[in-house]
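Look for chain A in each of the two complexes below; its partner is chain B in the first and chain C in the second.
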Partner chain A sequence: MRQLRFAPLALIAVAAWLLPYGLDSYAIHVVNVILIFAVLAIGLGLCMGVGGQVNLAQVAFFGIGAYATAILTTRSGYGFWISAVLALAATVAIGLVIGTPALRVQSHYLGIVTLGLALAFTNWVTNAEITGGAEGISAIPVPTLPGVDLSSEYLYYYLELIVFTVVLVFGLFVVRTGLGRRMRAMRDDALAAGALGAEVPVLRMTAFLLASIYGGVGGVLYAGLIRYVAPESFSIANMFLLLGMVIIGGRQSLIGCVVGAIGLSLVREAFVDHPTVAQIGYGAVVVLVVVFAPTGLAGLPGRIRSWWSRRRGQPGTAARLQPFQPYPALAERADAEEVLRVTALSKQFRGLKALDDLSLTVTEGEIRGIVGPNGSGKTTLFNVISGLYRPTRGRVEFRGRDVTNQAPYRLARAGMSRTFQNLRLFGDLTVEENLLVALDRSATVDSWRYVLRPISVLRRNRDLHRQAREVLDRYGLTEFAGLPPKSLPYGIQRRVEIARAVAAGPSLLLLDEPAAGLNGEEVRQLSEIVRSVRDSGITVIIIEHNMGLVMSLCERITVLAGGRVIAEGGPAEVATHPAVIEAYLGDSMDDIPPVAEEASR
Partner chain B sequence: MQVFLQTIVGGVSLGAVYALVALGFSLVYRTMGLVNFAHGNVVTVGAYLASTFYLSSKLPFALAMVIAIGVTGAIGLVIERVLRPLENRDFDLMLIGTIGFGIVLDALIIMIWGATGRAVPSPVPSAPIDVFGLRIRTYDLVVLAIAAVATVLLVLFLSRTKRGAAMQAVAMDHEAATAVGIHVGRSNAIAFMIGAGLAALAGGLVGPLLYVSPALGGALGIKGFAAAILGGFGSIPGAIVGGIAIGILDSFAAGHFQGYSELVTFLVFTVIIMIRPTGVFGERTVNRA
Partner chain C sequence: MLRRRATIVLLTALALTACSAPGSDKKAAGDDSGPIKIALVDAQSGQLSSLGAWELKGAKLAVDEWNAQGGINGRQIQLDVFDDQGDPTVGTNLARKIDSEGYIGMIGTAESAVTIAMAPTLKQAEIPNICSGQSPGLVAVGSEFLFLNGPTSTTYDETLAKYIVDGQGIKNIAMITNNGSYGKGEHDAFLKALKARNVTPLADQVVTTDQKDFSAALTGIRQKNPKVIFLGAEEVESGLIVKQARDLGITATFAGAAPQGTPVFLDTAGAKNAEGTIVSSPYLSNDISEASKKFAAAYLAKYNEAAELHGAKAYDGAQIMLTALKSSNVATGKELADAIRATKYQGLLGGFAYDKTGVGIFATSIGTIKDGKLVAASS
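And now, the complex of A and B:
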């Protein structure tokens, strides 16, 4: 079987190697241009499809690579390959600058900013003297390679083919290991990814870094192939063409991007005498794809398969949730330390005081319950503790360190983990990948390993998969490993989210209404899981409305109302506290606390 | 000082056009949280339609404009109807969908009117008026007056009519609006239609000011968007202030940086977004999600 899997690949490789023998000189030129577009499309796919960063400046990266090569070879007199390396460095530097708006804005805003910067680039090259103005730069020297005459487009094809294969394999390598997984997690839900320790700002820049590398490589290849650069090659029309390739092919799949690039280029070639007709055609296809097949051509096989199995009336495989296997309990320690200390915390939303001078301490090994009427500030408290909100006043100490105003991912890496009231699983990742994101604690800045020590990345990836299998097994989720979380029943999704939060290896676990929407049996299992998690040495704070669960599970309970602590103590103590009874049943209507905003807003 | 004031006067009428483009963007954005990337192309379509009816069919300028607004309004309806399945689901996909429409419109423009542009003569006598030594073209005054009337009508529509109030409700909370019986899709369609109409108005008005070519809308679209952001996206007074500000910035950049004026405008725009994504009158945070 294993040999058979590689058979199609080998076939494609042989076909690609033999391709030039069947082509005339014009056709090989077309193929060479297609390969360059394919490289650009992979870069755009990595940035937009994998990283979720709207990037309409890919064509500018392409242009910078090509223009820098042209300028360095013709004006400064460097050799082609030295120029190529310098051009790549220049593209990356400018790519990172163009990417900085991503740190502040996303989606539409990012689209328009990158588009504006791309226009600024074309404006510059058409006007500047060094770029030759509207005429561009011609007579770029032929790249030299000992023994190979690269002025022949047939031989240039092999150079491009090798570069293309390398960058495609590297792209796939990134997507399928930790870095790409984290980028995809960020794309699906940046908030949850941050809460699991993904360094969102660094990842956004990484997305633009990758896009600019691919853009620069494309530009260098273009300069070497055409040996002439002019502004119109890097126009917005070409940017949208590139976007069309990525969307039609399927932005989340690099292979899809390549297929889109090849397909659209061939169609354009077929309509070479009627470019406007071709343009109407691919514009319309882009619209149809986003409405009817958002995953593009790459998503078609999966859609056809699921349609087929639905037609044949096959129910989904009858995967069943297995029982939870408790963690081995740690010996109880007498010298319990303070894990969390919140001092005089206030949080104000314009006129609304969600937290009002709130103080709280939680010691190691506790299961602390936090209850209170709706709008009493429970979720706001979690959001401030886990770094999603900046408090208006007050401080948060975690394991003896002041962590007020720290970014969520830093807190997550320091050992804080949380779940969300309305489930934030990464929708386009499988259950197993959701866990892998949490398990992977390597820093994104260590991504140089992808270039210099790929084997160690692979080994680490294998390790993570092994750990993920253990977690799946422990939570009885093994049969759901390969499924997207959205396809699972609600109770199982809840369990996946808890498994994910614990997989991050925290010392403090924040659970925000984990029993919401669960049936009686599921609540019982939840209580078993939480107890076992605590026994394995993790301190738990739990917000819950299910009083039965809170009373049976928590040793200490803190009651909030109107953003303040109104009572704290053991279950029996709290239940009879007059302030608590008043807050829940109320003796007057005028002190109903205002509704606090949720994290998701 | 004279030159300074003259530059400002020169920027204001173009600024009014940017403001109209920005209003179209803002109206669609506040109703459905979407930036219509085809908006610039709709402006071009409007400019070509208005100039065609005015030049070739010899219709009065005002009538040519009304027809252009009607046709682009229909285009707006088509765009909204096709993308409706994605509404309130995936904004990134909708954004790409509007880019797709932009690609199609761009090609249609070239197909119908050709790749070369045309100059449109001013519909009013062109002798400039002299006010305290400043030369003001009469057409500039026409542009300002029409833009002002359009803005007042839009504000009245949004605040005084039932349909307008329904659109405001959808803008605030589309689910709650559905719950009280407002047809969200229809409300979005109207927003798109009015937005496209405003684009055509801007395009028709800008014809005699600039050269009408297929590339017209790209620059106008992005500058109109910059205006909308500068003022605070979704805010109507913001769109007006932002439009005039970008017009004046543009006018100064053209005077000082000549060919590089676009570069300067876009860089300034990027810096503004970085510093204050919500703009001057911005009320909402950037991420609606």
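And now, the complex of A and C:
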């Protein structure tokens, strides 16, 4: 069976190798242009589909690569390949500049900003002296390769084919290993990804870095093939063509982007003799895909499969949740240290004081409960501790270090992990991938390994998969490993989120209402899990409304009301504290006329 | 098993490629019967599609006239349209396509960048091309298969500068141009013509192609109080500029190239505001000569709309191509290119006589707008 897997690949390779023998000079030129667009589409797919960064400047990256090659070869007299390398460097430098707005704005705002920068590029090349203005730059020299005449489009095809294969394989390599997984996690939920240690700003720049590399490669190939550059080649119309390719193909799959690039180019080519119907035909294809296949062509097989299995009814056995296997308990340590110290913390939202001069200390090995009526500031406290909010005043110390105002991902990497009140699982990743994101602690800046030491990346990826399987086993989630979390029952999603938070290997775990929406049996399992997690050496702070759970689970409980600590102590102590009773039941007790008196009258 | 077979196939393929390079054995054979195939490449979609539509109408009119008279050597002429979408990359695709499909000549494009992109392929394939661009860059390509169906922009602006500066003795000139490809070309060409006459413009304002409010630029110009304002922008934008200039109290005369002589410009600016505008164009109006009247009438009858410059240029270009085909007995390649170069043709734009650079006409006429009509200027 294993051998069969490679058969289609080998067939495609042979077909691609033999393709030029069956094509005339026109068709081979079209194929060459398509390959360039496919490279660009992969880059756009990586940035937009995988990284979730709306990038309408891909055509500008393409243009910078092509123009830089043209300028360096014709004006500065460098050789083609030296120019190509310099052009690539220039594209990457400008790509990073164009990417910087992504640090501040997202989604359609980012789209507008990048579109503006792309327009600025076309405008500049039309007017600048060095780019030859509207007439562009012609007579770019033919790239030289010893023994191969690249002025022949047939031989140029092989050059492109090799480059295309390399960048496609590299792209797939990135998507399927740690870096791509982290980018996809960031795309699905930047907040949760940050809380799991994904360096969101670095990842956003990485997305643009990748897009600009692919844009630059496309530009260099274009300069070598067409040997002429003009502003119109990099117009906004072409940007939308590229966007169409990525959307039609399916932006979340690189293969889809390639299919989209080939498909749309062929449609465009087929209609070139019929200009009047071309626009309608081209528009119709885009509309049909958007309406009937929102996940693009790449998403079709999956949709057909799920439609088919729905029609036949769910066959076989559905995945079942297995029991949790406790962690091996660590011997209790006598010298328990302070893990978290919060001093005089205040957080104000305009007029509203969510936290008011709040202080709190949690020691190692505790399960601390935080309770309080709705709006008492519990979740705000978590958000400040985990770095999502900046406090107005006060300090947060984590394991003896001042961490006030640190970015969530830094805190996560320092050993703090959390879950969210409203589940924040990465919806388009599988359960296993959700865990892998948490398990992967390698720094994004170490991504140079992808280029220089790919084998070590692969080895590490295999390691992570092994660890993920262990976690799945422990939490009884093995049968759900390949499923998207959204398809699972709520209780199982809760368990996945806890498993994910613990998989990050924290020393402090913050659980925000982990029992919300769980049934009695599930609550019992939860308390078993939390205890075992604590016994494995992780300090736990838990916000919960389920008083039964809090009372049975926590050694110490902190009660909040109006952003202040009103009581703290053991369960029995807190339950009878007058301030707690008042906070929970309100002082409206006095307004109710005593029933006994009423009756005696 | 399958894998081994695949490996064998792969190795065979490698061996094959090692022996021969693909695509070395092909040549579209020129065929001597059937229709004469001529390609018209122009933007039929996108921003420049109106230009493409005019081109097509002009060229088609010429081809239809020839076909009605029995074609050339008894063969009909087949004019096929290809849409380059105003994109040079698509242009290079089309250059290969018309080569592989056996077209012997090409008309178009109207976009200089697309034509330049196609030129190397057409040169290699030896397909003569009469284009409608006017950029000096077309000449710089240096292809003996590339011809222009009108003067270059240098000629337009040189003639204009000559009329204004040398003829009228006006030196107080301001410029307002847009930063699009047309405006930028006009800006550079006119500035060069002024420099050659030691004239420095009082103001040199650049606006964007999609700007609608020009008061800032125009106020700057008003302060300099020029006698003539040079306009380097397309029809509608030029019209808006003139209109807003009059609203600001600017009384200076406007001057420009072909777009400033069109009805669109006149309508946008308002006939009163545009009064006195100096236009440098190879084709001032449909009533300029007997030939133009005949052309305009045929054009009106066929398309039910008034003829204009671009149609006239394409008509001339097509006529030259067809005349050369006839005189060379339907030659192809280099022979046809030489025949075009040898063709002396009296067209709507004037007398064509090609030199080595591929330019056949070196003069434009100066017209002024009088009572809402473009008439030849008496200088």
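Following the convention adopted for this analysis, the second predicted complex is superposed on the first by the 565 of 601 C-alpha atoms of A that agree within 3 Å, B and C clash if a C-alpha of one lies under 4 Å from a C-alpha of the other, contacts with A are read in each partner's own complex, and residues count from 1 in each chain.
Keep this in mind: a residue touches a chain if its C-beta (ideal position, glycine included) is under 8 Å from a C-beta of that chain, and two chains touch if they have at least 3 such contacts.
Since we're looking at a predicted model, the values are computed, not measured.
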Between chain C and chain B, which one touches more residues of chain A when both complexes sit on the common chain A?
C
Kindly classify A:Q106 by the partners it touches after superposition: chain B alone (first), chain C alone (second), both, or neither?
first
Which holds for A:A237: it touches chain B only (first), chain C only (second), both, or neither?
both
According to the stated criteria, A:N127 is in contact with first (chain B), second (chain C), both, or neither; which is it?
both
Chain B and chain C contact sites that coincide on chain A, given as residue numbers:
123, 126-127, 237, 276, 279
Where on chain B does chain A make contact in their complex?
34-35, 37, 82-83, 85-86, 90-97, 99-108, 110-111, 218-219, 222, 225-226, 229, 259-260, 262-263, 266-267, 269-270, 273-274, 277, 286-287
In their complex, what parts of chain A are in touch with chain B?
52, 54, 100-101, 104-109, 111-113, 115-117, 119-120, 123-124, 126-127, 236-237, 240, 243-244, 247, 276-277, 279-280, 282-287, 290-291, 294
As the complex stands, chain A meets chain C at residues 3-4, 6-7, 10-11, 13-14, 17-18, 20-21, 23-30, 33, 123, 126-127, 132-136, 138, 152-155, 222, 226-228, 230-233, 235, 237-238, 268-269, 271-273, 275-276, 278-279
Could you please specify the touching residues of chain C with respect to chain A in the complex?
1-3, 6-7, 9-10, 13-14, 16-17, 21-24, 26, 44-47, 80-83, 85-90, 92-94, 96-97, 99-101, 111-114, 116-117, 119-120, 135-137, 140-141, 179-182, 184-185, 188, 208
